[in-house]
Amino acid sequence: MQLGLVGLGKMGGNMRERIRRAGHTVVGYDRNPELSDAGSLSELVDKLQAPRTVWVMVPAGAPTQSVIDELAELLAPGDTVVDGGNSRWTEDERHAAELLAQGIGFVDAGVSGGVWGLENGYALMVGGDAEHIARVRPIFDALKPEGPYGYVHAGKVGAGHFSKMVHNGIEYAMMQAYAEGWELLEKVDSVTDVREVFRSWREGTVIRSWLLDLAVGALDQDEHLDKVRGFAQDSGEGRWTVEAAIDHAVPLPAITASLFARFASRQNESPQMKMIAQLRNQFGGHAVENTDGVGDHAD
Amino acid sequence: MQLGLVGLGKMGGNMRERIRRAGHTVVGYDRNPELSDAGSLSELVDKLQAPRTVWVMVPAGAPTQSVIDELAELLAPGDTVVDGGNSRWTEDERHAAELLAQGIGFVDAGVSGGVWGLENGYALMVGGDAEHIARVRPIFDALKPEGPYGYVHAGKVGAGHFSKMVHNGIEYAMMQAYAEGWELLEKVDSVTDVREVFRSWREGTVIRSWLLDLAVGALDQDEHLDKVRGFAQDSGEGRWTVEAAIDHAVPLPAITASLFARFASRQNESPQMKMIAQLRNQFGGHAVENTDGVGDHAD
Amino acid sequence: MQLGLVGLGKMGGNMRERIRRAGHTVVGYDRNPELSDAGSLSELVDKLQAPRTVWVMVPAGAPTQSVIDELAELLAPGDTVVDGGNSRWTEDERHAAELLAQGIGFVDAGVSGGVWGLENGYALMVGGDAEHIARVRPIFDALKPEGPYGYVHAGKVGAGHFSKMVHNGIEYAMMQAYAEGWELLEKVDSVTDVREVFRSWREGTVIRSWLLDLAVGALDQDEHLDKVRGFAQDSGEGRWTVEAAIDHAVPLPAITASLFARFASRQNESPQMKMIAQLRNQFGGHAVENTDGVGDHAD
Amino acid sequence: MQLGLVGLGKMGGNMRERIRRAGHTVVGYDRNPELSDAGSLSELVDKLQAPRTVWVMVPAGAPTQSVIDELAELLAPGDTVVDGGNSRWTEDERHAAELLAQGIGFVDAGVSGGVWGLENGYALMVGGDAEHIARVRPIFDALKPEGPYGYVHAGKVGAGHFSKMVHNGIEYAMMQAYAEGWELLEKVDSVTDVREVFRSWREGTVIRSWLLDLAVGALDQDEHLDKVRGFAQDSGEGRWTVEAAIDHAVPLPAITASLFARFASRQNESPQMKMIAQLRNQFGGHAVENTDGVGDHAD
């Protein structure tokens, strides 16, 4: 089938390639003309035969909103828009309503796969009406991994992004789990080869996983991770997961701890620890370490 | 080779079977005569030719100590004892010294595999002198999974149990990660099929793992887990992991959160939440729910 | 001066009393005619001389919005509205803009004091323009405690509610701190009189506080808190505090842990712990406790 | 009465002064001859009339053990030893037994007061037999604050140190609570005077406390805490509190979070965050920040 694909960055570019390999026709559009198959969104729409399917793969927030606003004007009743970006699930209902007013279908698709998706396939979690999803199904089949897994119609509009968001929340805590274990093993004198301990866990253990395989890969490149800074970004979906949990009064201690550990890692100086240090000094005369490097005692 | 195996419970019994399948001779001893190949520890030792190797697979603490004490008397210089139970790593050095005084070697082995080990093999993390480990190597080879992983000489005496303990700590947080995500998905109306979301994650996602496969298996038996109580035991190794981290000033927020969630799950009434409820009543006149079911307002 | 006061519930009623004791005139309005001094909002406005000051003390969200909408129509340029309820700070700018369009000033006031405020005074954190705040200052002076503390102009519109929200977040973690300590002391055999330990802390310690005094009061009524259920509500401001922290990438581990402990306390069964229990059963054959009370082993 | 006091550092020196002001005779001993009233422990014992009371105020662990060992030899039946240092409660029973074997009584005393104790009095939590405590009571009365609070006989031997330890655990979480709130307020543009918000909280709020007063004092010296590093030590008692909770399966999320935040603050680079950063790079091609300052992309 034909697909319009908006956004040809790291993810979108590889997805175009994988869809084409499956025999479909992809007309891609990107603001970067070197990547783009069409000179404009309008031209992309013109190149597709009705009923059209357009997959939006641009950053969440204003960029996605802007593309959807344009598509609402350019497309026709019976067409379908897929938002495959990292939009917050709370946006999906609004987007669906905006498009539905023009008779255009909407599907939200959470996409996992990163740099490995081109070869291994992308896991897809989609939300929306069965009728709209059916229109896109051949593309989903092209993108997903081989085998019985890697694709789910998770529920109503928003369920795809919500499921992907929770996937990322779980990912945060799993990464934190391995990271905590690794740091502890590195601290202990009796364990002389932490990397080999990690490697051994790849089979026969309860904690074997793809992330563990990646951890071993990272240690093979840099055994003690001396070459990177202990500084971890977050992409937004961890934050949304915690906020969704708060809305539903679900305790999420491990995922939230993982998010906060990243926040803390990005602070050169922890303001809250300055307050702790000063309070200790106030009541106990405990030394604080001044920014000029000279200790100070209250007494 | 010949192996003496002390403790033929759920784990030990299956291990005897797997070792025998690999062509080795196992003389097992258990207090339960129906399981035992020898009438006593002393008879087990008599049935083995020197240099002997005896694998201890009994509960940590007093039972393991008692077997090691007996073996220190029964065995001879050049023999080797393996502690494959869940002993705390802090016990290992003491056990090694006690046996070394008799010329007996000591190896600590953390064993992972549970009910799946008989067929899939047991992951092994071992600590001790290379010389002592070499004596046991054929048994390790029989127990471990096929393929390049699942066995590691982690370091000095204690390193095997320490590595296994950290493995379990990581396991706690990974399980907590999936459990938090599952609860959140179950709370949201738009996601209509949480089990299928979990199943889809088995391929192409960042969070695919053996534990995820097990989670899907559990949901296949009982889609909303209505048949079990929300009550989780802990085996001790999670506690030790947190204590080891405290000793080394390593922050372990996700693993500790996972341990505390289990503690809380086992309380019918949370004492600390009683205090919170009463404090809210004291300062704000907020209602508390009395054990007699009648609300009480301060004002 | 004259004040219109909308909302005469537990808080509003006591505040009216305290303001009147200070010699001001209060015209109160409440939907409950037994409490109300005016038959309608419109009548309340008519009873005040311009420039009028109206204090809104109704539940956050729709009730506050509705009162502000009405006041925007009823009041005149030069009048001032104070929102003293528990509105989320994110509402304040919108309310201020809506009123400003009619020439009406707006001040947000976070109010602390609960059932003790009538006698001891209410702590006030206010946000808005100095000019608008000046109009209300006599009322603030009547409400606040005697002495130099208990009142602050915290900043721009929204700063009052934001400061009060953070106050409540801190309150959550302080209550949790005492509650955790109390539960631990109650668990230990050697400490034979936990209540007297708490009482002794009221002087000379680092942790003496008003909340500690209240905790002792609660224990004096019910030494082991046997009469209440371990079940703690949350009022919303703890949730907003965590969400604000997430927006600003500030780690808030203690406050968030306190919020999550309350969430967990309100679950009869923890769904996430059901998943943990089932996973343990899947890989280790650990017993789970079925809802029919019969243990189940995988092996 | 007469008291022997061993250890005349910051705490011990001030305590000697306060006890003397109450009219008692103190013979102090310190390894520093400039502070000491006696040339040796033996001389200190000789200077006291039987039945003697000796208060030990030296660092926990080996120093306290060594003094108690010496006193067990130097003292006589009917004498009493008080351990007022920060010993772990698990040491107390052993010390009591060692001394009891010589007919010497033992009391453990947790002491709070820091640099403020000389003027305001020291809060005391004591454990041991009523008979032994009665012998020391005049000294306790001299040290404690005026008024009805600040002293408790908490229970059996060990209960004093246990109660003080929990006091410190609570202190950790209270300090963390204020510190988290302060950092959040400092991040928000609308709140223009965070110090004055803190100051206002000193009266009429739920969170008023002595620690809050100290926080305001710290901010008055250094409004944004620019002069100190965000680096917080821990004294050991927070760690013991968490370990005691783990022993008793009591969840302690806020206190533990506070301890871990201190651990993290002392790491220039977080090893676990290096692992997180590398894992993100492995699966997503997310940039990591290299130690040479140059970004690295996987793709």
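Of note:
Letters A, B, C and D mark the chains as written, and numbering starts fresh at 1 in each.
Assume a contact is a pair of C-beta atoms (placed from the backbone, for glycine too) under 8 Å apart; a residue touches a chain by one contact, two chains touch by 3 or more.
Listed by chain with UniProt protein names: A, B, C, D = 6-phosphogluconate dehydrogenase, NAD(+)-dependent, decarboxylating.
Predicted model, so just to flag it, every value in this text is computed and none were measured.
By residue number, over half of the touching pairs seen at A-B are also found at C-D, the match among A-D, B-D or C-D.
The interface with the greater number of C-beta contacts, when A-C is set against B-C, is B-C. Measuring from the averaged C-alpha position of subunit C to that of subunit D gives a distance of 32 Å.
Between the CA-based centres of subunit A and subunit C the separation comes to 35 Å, rounded to the whole angstrom. We define each chain's centre as the mean of its Cα atoms; on that basis subunit B and subunit C are separated by 44 Å.
For subunit A, residues that reach two or more other chains under the stated contact definition are 114, 176, 178, 180, 183, 206, 211, 250-253, 257, 260-261, 264, 272, 283.
Arrangement of the chains shown, judged by which pairs touch: all-to-all, with no pair of chains left without contact. Those residues of subunit A lying in contact with subunit D across their complex are 10, 114-116, 175-176, 178-180, 182-183, 186, 211, 214-215, 217-218, 222, 225-233, 253, 257, 261-262, 264-265, 267, 269-286, 288-292, 298-299.
Taken together, the subunit D residues at the contact with subunit B in this complex read 206, 234, 239, 242-243, 246, 249-253, 256-257, 259-261, 263-264, 266, 272, 283. Touching subunit A in their complex are the following residues of subunit B: 89, 112-114, 117, 120-125, 127, 144-145, 147-159, 162-163, 166-174, 176-178, 180-181, 183-185, 187-193, 196-197, 199-212, 241, 244-245, 248, 250-255, 257-258, 260-261.
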